[in-house]
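Both complexes below contain chain A, partnered by chain B and then by chain C.
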Partner chain A sequence: MPKCDVLVVGGGPAGMAAAVTASQLGLSVEMIEQRRTLGGAFFRQPIEGVRPIPQRASVKARWHKLSADMSRAPVRIHYGCVFLGVDSDGFVLFEDRQVGEVVRCAARAVIIATGAIEKVHPIPGWDRPGVSTAGGLQVMMKETGQAPKGRILLAGNGPLLIAAAAQMAMVGNPPVAIVESGDPMRPGLTGLGLLVAPYLLVEAFGFLRAVYGAGVPWLRGARIEGIEAHAQGLQATVVRRNGERSAFVVDRVGLHEGIRSNDMGLPAIADASTSSPIVIRAGDCSEPLGALAAEADGALAARKVAALLGHGQSRGGEQALLGRLRQAQAVLAKLFAPTIAPLDVPDHTTLCRCEGRTIGDLKNLVAGADLKSGREVKHNGRFSMGSCQGRFCAANTAELMTRLRPGAPPVVASDLTGQRWPLRPVSIAALVAATKVKAPVD
Partner chain B sequence: MPSSVIVAGAGIVGAALAYFLSARGIRVELFDEEAPAAQASGAADGAVSVASKRPGAMMTTALAGIALYRKLARDGVFADLFKPRSTFLVAASDAECEVLEAHCAALSGAGVRVTKIDRATVAEKFRVLSPDVGMAAEVHDEGHAIGYQIVHGLLRASGIAVRRREKVQRILVSSDGTCVKGVATAKGEYTADAVIIASGLGSADLLGLSGTLIPRKGQLLVTERAPALNGRMPGAMMSCRYLLSKGSQKGRPAPARGLALVVDPLRTGQFLIGGTREDHGDRRTNDLDAVSKILADAVALIPGLVDVRLLRCFAGARTAVVDGLPIIGRVGSFGNLFVATGFEGDGICLGPVSAESVVAMVCGEKPALNLDPFTPSRFPKLRIAA
Partner chain C sequence: MSSESFFWMGKPIPFRAGESVAAALEAAGILSFGPAPGGGPTRYFCGIGACQCCLVRIDGCVREACLTPACSGARVEELGAADAKV
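After this line comes the complex of A and B, so read on.
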């Protein structure tokens, strides 16, 4: 059984920074990463033999520094391992998919750095083949070095759409259009304080130049109403602020409504010096502020754990940087605030993909004066009961429940998902293969 | 007949009480510290079964319980919520075969339809089972129901709005001390013609039953959908070690942490695999040792499970009673205070039928069940807590 001071879950920027800092502070560190390479989504590495897509020099430099620091740090990395949670005996559990065994790790502290997931709002057809997240397309480009094939429409909200479109243009297949519910070019936005993070302006300018250079229409103040099957692929209907509708026939649609912490079902934070194990979260899974903030937060998490484990207090410049990045995110949120009201979503729209449950099913279940809890809605509507464990539908279900019952206590995603292991479906063979430590159950 | 009744606890017993009371036109106020099916009823194995019951009162009550499920399934309240199926008791070792033989005789004696299946027939007809199985017995006419779905169905049919997150803190006694007049919660006092306590472990504080009601933890597992394997399972498979662990056989004490293996094929194509009976441990959490051991035993019985993935683990605390029987009936000399709790692992099967009889009692009728073995008066300490 692995034993260490700190087990870091996830090898993205937050996890790598946490591992490097923790080992610099004298702690023994192990890391689990579900893929075969480090980097997370932001620094996703191309598969072997593939030329990476062009990236800005500053991003390359950060990756080189982080991976060099990591390779110097005495951190044992378990690749191909999926985090399952912390069991009631305080062991950290993960499934080693290369060996086919569930492993328990006796760690004094766990730093969870599982990153972010993209938000997707339910619209008719969001669950059709050919529809994915925009960030998913972006990561695929980083892995394969190629643009996704065919005609692509990007739709939703936020700066990631522009970044993805720019990268697609750079590798030779710009999207057909970008549908954006906000309007960052609308008048009256000066004085928002964009100068709080000058690098954002530089980055944005570069992306916009690539997008405009490729002639990609940026439809602002617009939303996608639905996606239907079409003889030549998928037909997406777009509604403008003035009510005007237009249709795009494409091969793929990339949806994106911003990011949120990938924290579904994670073990509760336990950050007292007496906690066994200490559990803290770092990076986007704690607060979704992006990769640069994730690195700072990872280092900060390591300092916190070191202090809790009696390895002394230490300070870096992380707090100040995080403060600036938090401000920058707030500015971006204002800049991209939707300028078109949400559209009516028909009852037949899928809400939970795994269990095939619709918005109408939820409405029926929560109608009336009996104010059911999130857990009751999960149990009796089967929302979040499927194999994704609520990763795709719990937040949307909670939001819709709250909206449908004005005046009732708000519902949050964790009311549906709870906190328990396994976080992901896990092979029974691997569980049977786990070594036992206690007296057998009679 | 009372015109209003307060029920404390929205588990399967409380929900069934609300259903049978509402059906008689009686106004019901149903309180729960959390929400319906938040405790044992929401973390149960769902067996509507007589197969593992001890001969005597528990066996006869279970038979009535199964009959009620069939009736409510026909009436529509439990439509699509009750899956009729057999339970197969499976014995591996000689010792288990011996226990099974004795148990089959007891079941037959109580009027249960049981078919014994020898080793050769098991090997020929039940290929899903391990070749190590020595004998099996099919207990016919049983079924499966998921606790939280039953609670939901009962509440929906009763048409009431549950008072969630509102714990009954005290029972209010009339000034002359002869009857109860209602209950108090953090939000205020409520009055009714009768009060029924069905709050599981929470009943201990209200009725001075600490030490009499004991939490007994259970851990349960649910797999992903595996329709092919599921379709080959003719019913629930229950290891005969269940009989030993549950203390169904006299003279064998239950271990502090026992495993009673049941694999139930669900309608969804998933499998429900249970479970432990533990005297210690956090009631809401699972440990790898227990999960791994349950699955190892499950795979030993049904080898095909090794290729399936585990989707969820959960745990709960059953409300056990020191003498192994539930507590159902009128409390002390109070004419209008009742209790129905302590079903341990049998609440899904016994809860609704017991509630039906308690409601008859509340209405001054003779209950259909013989509730004498479960009378609260066997615990002299039982009283309204100050």
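After this line comes the complex of A and C, so read on.
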């Protein structure tokens, strides 16, 4: 059974910074990462022999430093390992997919850095093949060095759509259009204070130049209404603020409504010096502020753990940077505030994909005088019950429940998901084998 | 580059070293990975192992196609009736 001071879950920017800092502070560190390479979604590495997609020099420099620091740090990395949770005896459970075993690890502290997931709103056809998250298309591009094939439509909200479109244009297949519910170019938005983070302006300008240079229409104040099957692929209907509708026939649709913490079901934070183990979260899974903030927050988490484990207090410049990035995100949220009201979504629309539950199913379930809790909606209606553990439907289900019951207390995603392990599907045989390791041998 | 391949429903799919099963299937124009236990089709969606939408059976084990590196000679199949929920 592996033993260490700190087990870091996730090898993205937050996890890498946490591992490097914890190790510099004298702690023994191990890391689990679900893929065979480090970097997370933001720094997803290209496969061997492939030319990486173009990136800004500052992003390349950050990766270079992070990976160099990581390779110098005496951190044992377990690749191909999936985090399952912390069991009732305080052991960390993970599945080592390379050998097909569940491992119980005794760590004094666990730093969870599982990153973010993308928000996707339910619309008819969001569950069709060819429809993915926009970030899903982006990481695939980073991995393969190639743009997704065919005609692509990007739709939703926020700056990631522009970034993905620019990268697609740079590798030779710009999207046919970007559908954006906000309108960051509308008058009256200057002086919002983006100068708190000048790098964001530089980044935005670079991406916009690539998008406009490739002639990609940026349809602001517009929403995607639905996606249907079409003889030549998929037909997406787009509604403009003035009610005008247009159709796009494409091969792929990338949806994105911003990011949220990938925190569904995670073990509770336990950050007292007496906690066994200490459990803290770092980076986007704690607060979704993006990769630069994740790095800072990872280092901060490591300092906190070191202090709790009696390795002394230390300070870096992380708090100040996080403050500025938090302000910058608030400005971006204002810039991209939707300028078109949400559209009506028909009852047949899939809400929970894993269990095949629709918006109409939820309406039927919550109709009536008794006020069902999030937990009841999960157990009786199977919403958020499936293999994704509600990562893509719990927030949407909670929001719709709140809207359907005006006056009732609002429902949040964690009312449905709760805190539980295993966080990912795992074979019962592997779990039983792991339990046996613990049994006394006498 | 390598000329290795794995089998998707018995058909050889070429892949490049280090590539995920999902990337190789997408490159081969395969967007639907078969029926899912919940009803709809299984397919690539989030790319980060979170959504469980791209589950396939690889040499008998249910795995996320977006996380699992392609391996020469592997048998990759749709989730069959055996994976349907009870």
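Just so it is clear, the second predicted complex is superposed on the first by the 433 of 442 C-alpha atoms of A that agree within 3 Å, B and C clash if a C-alpha of one lies under 4 Å from a C-alpha of the other, contacts with A are read in each partner's own complex, and residues count from 1 in each chain.
As a convention for this text, contacts are C-beta pairs under 8 Å (C-beta built on N, C-alpha and C of every residue); 3 or more make two chains touch, one makes a residue touch a chain.
For clarity, every value in this text was computed on a predicted model and none was experimentally measured.
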{"item": "Which of chain B and chain C A:Ser23 touches, first, second, both or neither", "value": "neither"}
{"item": "First (chain B), second (chain C), both or neither touched by A:Asn396", "value": "neither"}
{"item": "Partner chain in contact with A:Gly49 - chain B first, chain C second, else both or neither", "value": "second"}
{"item": "First (chain B), second (chain C), both or neither touched by A:Lys372", "value": "first"}
{"item": "First (chain B), second (chain C), both or neither touched by A:Asn380", "value": "first"}
{"item": "Which of chain B and chain C A:Ser414 touches, first, second, both or neither", "value": "neither"}
{"item": "Chain B versus chain C as contact partner of A:Pro425, first or second or both or neither", "value": "both"}
{"item": "Which superposed partner A:Asn157 touches (first chain B, second chain C, both, neither)", "value": "neither"}
{"item": "More chain A residues in contact - chain B or chain C", "value": "C"}
{"item": "Residues of chain A contacting chain B in one complex and chain C in the other", "value": "387, 425, 427"}
{"item": "Contact footprint of chain A on chain C as seen in their complex", "value": "1, 16-20, 22-23, 26-27, 29, 31-33, 36-41, 43-53, 55, 61-63, 66-69"}
{"item": "Touching residues (chain side chain A, partner chain C) in the complex", "value": "34-37, 41, 47-50, 82, 97, 100, 115, 117-118, 127-133, 135-140, 143-144, 146, 148-149, 262, 350, 352-356, 386-388, 391-392, 424-425, 427"}
{"item": "Interfacial residue positions of chain B with respect to chain A in the complex", "value": "34-38, 42, 148-149, 152, 155, 160-162, 164, 223-224, 245, 255, 257-259, 276, 281-282, 284-296, 298-299, 305-314"}
{"item": "List of chain A residues in touch with chain B within their complex", "value": "87-89, 91, 93, 102, 104, 368-373, 375-376, 379-380, 387, 389, 420-422, 425-429, 431-432, 434, 436-438, 440-442"}
